[in-house]
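Scrolling down, you'll hit the structures one after another.
Both complexes below contain subunit A, partnered by subunit B and then by subunit C.
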Partner chain A sequence: MAYKPQYYPGTTSVGKNRRKHMSGDLEKLRDISDADVVTIMGHRAPGADYPSTHPPLAEMGEPDCPIRQIVTPTPGAAAGDRIRYSQFADSMYNAPAIPYFRSYWGAINCRGCDPGTLSGRQIIEARERDIEQYTKAQMDSEMNDVALSSMRGCTVHGHSLRLDEDGMMFDMLARTEMGSDGSVYYVKDQVGIPLDRKVNVGKPMSEAEVAKKTTIFRSDNISFRGDEGLIALHHMWERRSKWGFRPE
Partner chain B sequence: MGKIHTKKLFVKALNKKFGKDFDLSGKTAVYERKGPTQNARKVEFMEAAKRLEGKRGISGYNPYVHCGGVPLGQRQLVPYKLSTTEYVVEGDDLHFVNNPAMQQMWDDIRRTIIVGLDMAHEVLEKRLGKEVTPETINNYLEILNHAMPGAAVVQEHMVETHPALVDDCNVRIFTGDDNLADEIDDQYVIDINKLFPAEQAEQIKAAMGKTTWQAIHIPTIVSRTCDGGTTSRWSAMQLSMTFIDAYNMCAGEAAVADLAFAAKHAAVIQMADMLPARRARGPNEPGGLSFGFMADMVQTSRTKPYDPAQVSLNVVAAGTMLYDQIWLGSYMSGGVGFTQYATAAYTNDILDDFSYYGVDYAVDKYGGICKAPVDLATAKDIATETTMYGIEQYESFPTILEDHFGGSQRASVLAAASGISSAIATGHSQIGLAGWYCSMLVHKDAWGRLGFFGYDLQDQCGPTNVFSYQGDEGSPTELRGANYPNYAMNVGHQGEYAGISSAAHAARQDAYACNPLIKVCFANPGLIFTWDDVRKGFGMGGAREFRAAGERSLVMPAV
Partner chain C sequence: MVTKSDTEPVQIEIFPRRFLNPETAQRLLDEIYRSEGVIRIMIQGPNLPRAIPYGPGKGIPIEEHKNLLLQLGEQALELRVKVGRIGLELESEEHIEGIRAACERTLPCSFNIKKRQLFHTKPTVSDYAKYGSEVDDKRILGLVDPKAKKDRNLAMLSDSRGDS
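Right, the complex of A and B next:
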């Protein structure tokens, strides 16, 4: 019987959304151009060559190794790209993504990536052309709301703060701004360096829409009390606790 | 303890922080981005830096180099209320460098050593045939309180320390023998019967038997100049010299070695164990301080024995300040200190509210303190309820969420409240620890975020060590400490574990959590820090009302 991952329990919208994030079965909401994604990431100028840390693998004369024969290199690894990152902050006020589920998405769906999870930000590192692809996938999909999620390499403070009066997540460095046309624009790259041109990433979702799309349990939306996920984690906690008790 | 009803204790603090007309439940804000000039302390810093510019001949403090020209203060810089007190101070006032009370709390530990007196008396009586009586002990203590600060007793030509620089140094004795205590001059005795509630005094004396101990606090200025490893050596040197003087001994006779060995090793209780080479610290340094000892140093258990939550919360405050701000924040990481990991646990009455909620829940459900079954089901029930309550407060009061702006802060506070409540409900610290880990998992799954990389690691694998029998991880919580394998690197945990250790015993009305000698030693009225009310002490330090010891201005030109 073929294995079918179950990902996450529960019948609520939060449970369903968590399963979508983990499986990678995500709705595409927008199409931000490759050049715009690269501009916001700030690692290289759009159109510039990829800097490399080693020659292409094909030219390196790799040793005879069964693992290398099994695993096909990612395009970035094959080309010898350096490792770069993108990092997102997601507001606790119903941003669609939450750090652990961005990490699960990365670990399950993105080859050759290294996700890192914190409370106010989530980073994925990978070879440069690979991380550009993974970043675009996140920005284009329902994982992102442009007002409640933003790419922040440093000074990420904002996930737990009250929203700005225009509904944007607080950002000390003001990397994004709400335009008069109702669209959100990046005016600085992810580490806060001003851009030559503003990058339009589209309009935010409505409050009702983010409440449906979110993966965070909140008592003013979908509460975690009594959820099937809570029962499952109690089971894990109890088993872990008992496993440590081994008097033999 | 009677039931204490939770009343959203944090609302008063939030009103003080944001102003009483402020909408604490509002989910949006106008961030005015006023920069550092909105805050009195930052303004003071800038003015001080400007005055120093010419003197120093090199650039210094300048908040406008922050983030390439975006200074602190893009959000509202709010003050902090020390929980249960009326002290409201700026965040900067709670950095240990700016807070002399915090420094003194640590100094009081580092400069303390407990040395048994019975072994020395046996040497004097059995080996040397000397008579030891209350009169000779009084004489010895008078000489010792002259010598311990750094004065000469048996040598001509000696240099001595200035008494006003070392006036915090003192030695008192305590004993389980009431008859002996009665015979000793009051000034030299830590009177267990007077300082502790009657039941606690009886517990302590029963545990001590007729033994007699010296609570030795060497000068703060010495331990600040040297290190914690110095304390036993400094103490032993003055003890030996004092025996020579008080009992008319030959300075070179072999029996002195017995006295010195007792004073340095055989009869000594260090406040903290020495650490292995990779941590590279001697005894009496924070990394070797067990949670049980930390719990016993704090004296709220004898001044407010009817309120176990309050007892635990003061231990949490002491523990987070020492373990997070000083030990991990500076000793270990080399940083400027993890101040705001710790402040979350002792300011704005948030942890207090969550903890009292958990205790109330347990009292309602199980019929009283220490009445709940000592099992995992209790920990699961109380920790889940307390964590969900806390989560709901963060969601209902966005200003609390903004106050605890980092996930590690929230995780520490939710898990501490869960652990304290579970420990108080059962009178068992291991159940408290089980509650802690349950809370961490509930929190992580509810919000999909917890702390930072390493913070989460120990909490996700942690449940396995709660009941472990493995040699290096199986200790009761009271005997674990800052260098316990799974705890050694992560901020936001250790002080709370000390609080959980304390909670179980405070709930049982125990006189002490781990060691009765530590409990009595830190009841010494001659200590400088406010050991019975830790949060008040920190508030006094922040408000610049606290006078610490070890001050050098007496021998320096005025500023």
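Right, the complex of A and C next:
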């Protein structure tokens, strides 16, 4: 019988969304072009060559190693790209993703990446052409709401603050703005350096929609107390307290 | 702003559900200023820096935060924060309803008004550092930003240690 991973317990919408994030089985909501993603990330100009830190692996003459024979390098590692990052902040007001589930998504679904989980932000590091692909996947999918999630390389706070009047997450560096057409535009890259042109990332979801898509338990939406996840957590806590977590 | 009164002053905090745009904050403060019985107003919220404070873009000006001004009566103040909460000291409790009505007229979102002690009654260390040991006008107590930069926000530093 083929192994089927069980990602997260619970029958609530939050439990289901958490399973979707972990499994990578996410709905694609928008299509932001590769060039726009690269522009917002700000590590290189769109269309420019990828700078490298070492020659392509094929030219390096790698040592005879069984692990190297088993593991196929990612495109970025094979080409010798630099390690770059993208970091997202998600509002606690029902943003679709939260740092832990961005990390689970990255660790489970993205090869050769290093996810870092912090209280109000989440960073993923990987080889440059790999991280661009992973960042685009995050921005295009239902993991992101353009008003409640935003790419912030530095000065990230906003997660735990109230929203602006227009429903956008507060940003001290004013990297994104709500256009008169109702779409959200990045006017600066992720570290706050102004862009030559605004990047349209689409319209935000409605409050009702984000409440359905969120992975955050909130007492004013889906409470943690009503979820099977809490029972599973108690079960694990009891087992590890009594027997040092030996599931057998 | 107002004259002395025989009634007991009260302190209230207006806490909107959303951060206020400078225009909304201006409208609300206009209404509050026109209301009777206001002794002190304090505006709080997250900092709006004039330049990127750190990271690769450190020092690049943030144009969106330039020239944000609040007009209060005859005085113009430079707005350095995103308005998140407004503290008020009122002459008496009967003025709270006027403030509540002003909030209902101007705020686009729901809000809470809580009555609590907001302003210091004794000088803090920051007050001492900036005003000296004796403060003539007690209304300024506790209104000093401890992080205030000397060249930017420090308006009253007593060289005479309160002897003047």
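Criterion: the second predicted complex is superposed on the first by the 241 of 248 C-alpha atoms of A that agree within 3 Å, B and C clash if a C-alpha of one lies under 4 Å from a C-alpha of the other, contacts with A are read in each partner's own complex, and residues count from 1 in each chain.
One rule holds in what follows: a contact is a pair of C-beta atoms (placed from the backbone, for glycine too) under 8 Å apart; a residue touches a chain by one contact, two chains touch by 3 or more.
Just so it is clear, the model here is predicted, and its values are computed rather than measured.
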{"item": "Partners on subunit A (subunit B, subunit C) - clash or fit", "value": "clash"}
{"item": "Touching partner for A:F170 - first (subunit B), second (subunit C), both, neither", "value": "both"}
{"item": "Partner chain in contact with A:R162 - subunit B first, subunit C second, else both or neither", "value": "both"}
{"item": "Subunit B versus subunit C as contact partner of A:D181, first or second or both or neither", "value": "neither"}
{"item": "Touching partner for A:P194 - first (subunit B), second (subunit C), both, neither", "value": "second"}
{"item": "First, second, both or neither for A:D49, with subunit B first and subunit C second", "value": "neither"}
{"item": "If touched residues of subunit A are counted for subunit B and for subunit C, the larger one", "value": "B"}
{"item": "Partner chain in contact with A:G153 - subunit B first, subunit C second, else both or neither", "value": "second"}
{"item": "25-33, 295-303, 349-357 or 493-501: stretch of subunit B that collides with subunit C", "value": "25-33"}
{"item": "Contacts on subunit A seen with subunit B and repeated with subunit C across the two complexes", "value": "155, 157, 161-165, 170, 172-174, 192"}
{"item": "Contact set on subunit B toward subunit A in their complex", "value": "26-31, 67-68, 70, 74-75, 376, 380, 384, 388, 391-392, 395-396, 398-399, 401-402, 404-408, 410-411, 434, 437-438, 441-442, 444-453, 456, 461, 463-470"}
{"item": "Subunit C partner contacts - residues on subunit A that touch it in the complex", "value": "153-155, 157, 161-165, 170, 172-174, 191-194"}
{"item": "Residues of subunit C that touch subunit A when the two form their complex", "value": "16-21, 24, 46-49, 52-57, 60, 62-65, 82, 84, 108-109"}
{"item": "In the complex with subunit B, residue positions of subunit A that touch it", "value": "18, 92-93, 98-101, 116-120, 155, 157, 159-165, 167, 170, 172-174, 192, 215-220, 224-225, 229-230, 233-234, 236-238, 240-247"}
